[in-house]
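Let me give you the structure first, and then I'll get to my questions.
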Amino acid sequence: MSLSEEKLIGKLAMLSVLDETYTSHVDVLGWQQCIGKVGSMESNKVVAAIETAAKKNEIINGSVYRETHALYHAIMEALHGVTRGQVQLGTVLRTVGLKFSIVRGTPYEKEAEGEWIAVALYGTIGAPVKGLEHEAIGLGINHI
Amino acid sequence: MSLSEEKLIGKLAMLSVLDETYTSHVDVLGWQQCIGKVGSMESNKVVAAIETAAKKNEIINGSVYRETHALYHAIMEALHGVTRGQVQLGTVLRTVGLKFSIVRGTPYEKEAEGEWIAVALYGTIGAPVKGLEHEAIGLGINHI
Amino acid sequence: MSLSEEKLIGKLAMLSVLDETYTSHVDVLGWQQCIGKVGSMESNKVVAAIETAAKKNEIINGSVYRETHALYHAIMEALHGVTRGQVQLGTVLRTVGLKFSIVRGTPYEKEAEGEWIAVALYGTIGAPVKGLEHEAIGLGINHI
Amino acid sequence: MSLSEEKLIGKLAMLSVLDETYTSHVDVLGWQQCIGKVGSMESNKVVAAIETAAKKNEIINGSVYRETHALYHAIMEALHGVTRGQVQLGTVLRTVGLKFSIVRGTPYEKEAEGEWIAVALYGTIGAPVKGLEHEAIGLGINHI
Amino acid sequence: MSLSEEKLIGKLAMLSVLDETYTSHVDVLGWQQCIGKVGSMESNKVVAAIETAAKKNEIINGSVYRETHALYHAIMEALHGVTRGQVQLGTVLRTVGLKFSIVRGTPYEKEAEGEWIAVALYGTIGAPVKGLEHEAIGLGINHI
Amino acid sequence: MSLSEEKLIGKLAMLSVLDETYTSHVDVLGWQQCIGKVGSMESNKVVAAIETAAKKNEIINGSVYRETHALYHAIMEALHGVTRGQVQLGTVLRTVGLKFSIVRGTPYEKEAEGEWIAVALYGTIGAPVKGLEHEAIGLGINHI
């Protein structure tokens, strides 16, 4: 009825982005995953990079809006963690360098809960000057 | 001049909260850390639990406002990742069960960058009914 | 591939809450719908009233988190329209009197788009004094 | 002392934008109204289109800041309903296609309440790809 | 056509709250003003204290919703400056001690611009422990 | 243990920006201060202007991220007061003309509280048309 301890999709997505050796844990479960990178001052480019990776790696079916919609909200929620207040980058003079992990799987014991998608982000945020930055993390989860 | 690869305070704080074996990595660096848990529908209780743990474990000096202020903003930023939009729990009918890790250390190569504090949160958020929840993550980092 | 003109779920949900004669349009489509009312200064009670109505009227299956999650986010999005900035009521000294309509149906031409849920809110928001209020509207839509 | 049942300015503005036959209800009251359309990824262009329509149709007197100010806040509040969290479009990679209705009238029974303005928005929001979108609604009301 | 240099309502409201000798500048203009204090962890009590002072001192006519509405939004805007992100106090474990100034006057040269209201706030915000706080300021302005 | 009445950094920063005669009060304390102006529809240019002034006037050491970070958050908090909801200017079709004051000093009696930075903003916000604007104020304070 609840989240299965071995199938914590958010934890696995986050661990994979922090340490790539964890990607095998996702493979063992037979779930889909892709890892990528994006650096930009333009928040729309961050969204686009994650969406494009998800479609190219067939994590979602880009021609079904339902799946695009689920992914979009997961991305936006993950960006809340990274931006912490206003989902803005260049417009408030900051930039990000992020690694992302997208995982699609079945984290609940009950079959009726179906598939969910997790977007994990890890990297740096800061002034558009090398070194003037600290780390940032975000996680978004949605049913798909 | 920039973040030292072996001293990524945010990554270490997050890994520690996801997998306690990582706490030894923080110990090796000679940094201060504490791990704790809090579950509540009241967002102020979540803030209080983290602040109390930080003071009891002497991660911060609770009688110096400067340190309390640095921690408070790190907590609030971490809560943005968990709540993704409105830093509210019970008032929007949801509850959290969180594990937290607080790390204080020197993540930058340059000595002038001094000490920083990271608050990492991992757990579940959802309806106040067992099982009706998904995972959530947050990270806040501040200079101290 | 897109929204079907006769099956605009958001428009139908909103029209039903503004004028009950429109509920028959939803019936004709064979979709599920319920209409209800809630007045409160406590935002959590507004969320609870809508969730309870959805479960009692079997618009969603309350024992499946997936459905609760879809509904919850639709409610929160609708509340953004009503509250316009901070999803808060009594904590900023205001109260609402709302009529709500919850509709579950298949608004897209393509079968793969599956079911969606819409929550429409209409009523008044204002000071906790009769007459010191104006109208407010909100609509949230999610895949389910 | 309160809102007059026959003069619910928000309801009339929203119904007019959902179904143009309702515009006659506004005419009967002797109120001012204009209907328009705007599609854009740039949130400033949405604001500009509504402001321009209001001025051209003499719903507001564009040379009086008081009226511009009242309208601007009504537009911003309506956009909260459409965007549900961050008043951003292209910067978070989404676009809108909206119909809008602006109504200026006297919704309260008491004469001292004077004139109010309502901005109702209805349309779609989604990815900048035809079909990958769902409906969105917003209403803003202000004294003028 | 623009703001009159001698009649900057926001500046006068803020100066009055920072230094009471400035209240005479408001008197000279023949404008209405009141000064008050409120300390609370409950954001609704802050709103209530300002509204009550405005009514008791007849800055606004509390039986006219139009005036209550104008004041309410000015208060909320001023609270944005004080809270800087989430208009929350006790729910995020912080408290305020504020002095407030409410000014009603005619800041524009052109007569058609009519009356406006300004709410200025100055005080401290911080942990609910004496001394663990820093200063905060907010200003809200609205047409009335 | 608390804020020293003669060393209220936020009050001094705000008074200096409202009336330049107050800058001498800051000088007397031996604190650092700079005053500047910026007008823009681009929020990033406002941030950049304040950061540049702080570095050029050696209020902060721009090569130490710790100091840049402290200033950045003080600026963002001050912008919350100016923008009151969304830290956006041109993207929601508005522009600002601001005077700013940056003060660095030691506002607490206890030496352990160290240095703090205050950013005070005062000016106008409104439509990108001369005269269609009202005043706005913001204050951000951070430990440095």
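Some observations on this one:
Residue numbering begins at 1 within each chain, and the chains themselves are lettered A, B, C, D, E and F in the order written.
Keep this in mind: contacts are C-beta pairs under 8 Å (C-beta built on N, C-alpha and C of every residue); 3 or more make two chains touch, one makes a residue touch a chain.
Nothing here was measured: the structure is a model prediction, and the numbers come from that model.
The chain with its Cα centre farthest from the Cα centre of chain D is B.
Chain pairs C-D and C-E differ in how many C-beta pairs are in contact, and the one with more is C-D. Greatest Cα centroid separation from chain F: this falls to C.
If you average the CA atoms of chain C and of chain F, the two centres end up 42 Å from each other.
Chain A and chain D, compared by their mean Cα positions, are separated by 35 Å.
Of all residues in chain A, those touching 2 or more other chains are 65, 69, 76, 85-86, 88, 91, 131, 133-134, listed in ascending order. Chain contacts here follow an irregular pattern that is not a line, a ring, a star or a complete set. Looking at which chains touch one another, you get A-B, A-C, A-D, A-F, B-C, B-E, B-F, C-D, C-E, D-E, D-F, E-F.
Those residues of chain B that touch chain C in the shared complex are 85-86, 88, 90-94, 126-127, 131-134.
Remark: chain F residues 61, 64-66, 69-70, 73, 108, 110, 112-114, 142-143 touch chain B in the complex.
Note for the complex: chain D touches chain F at residues 42-44, 47-48, 51, 65, 68-69, 72, 76, 79, 86-88, 91. Residues 1-3, 8-11, 14-15, 18-19, 76-77, 80-85, 107, 116, 118, 120, 122, 124, 130-131, 133-141 of chain B touch chain A in their complex.
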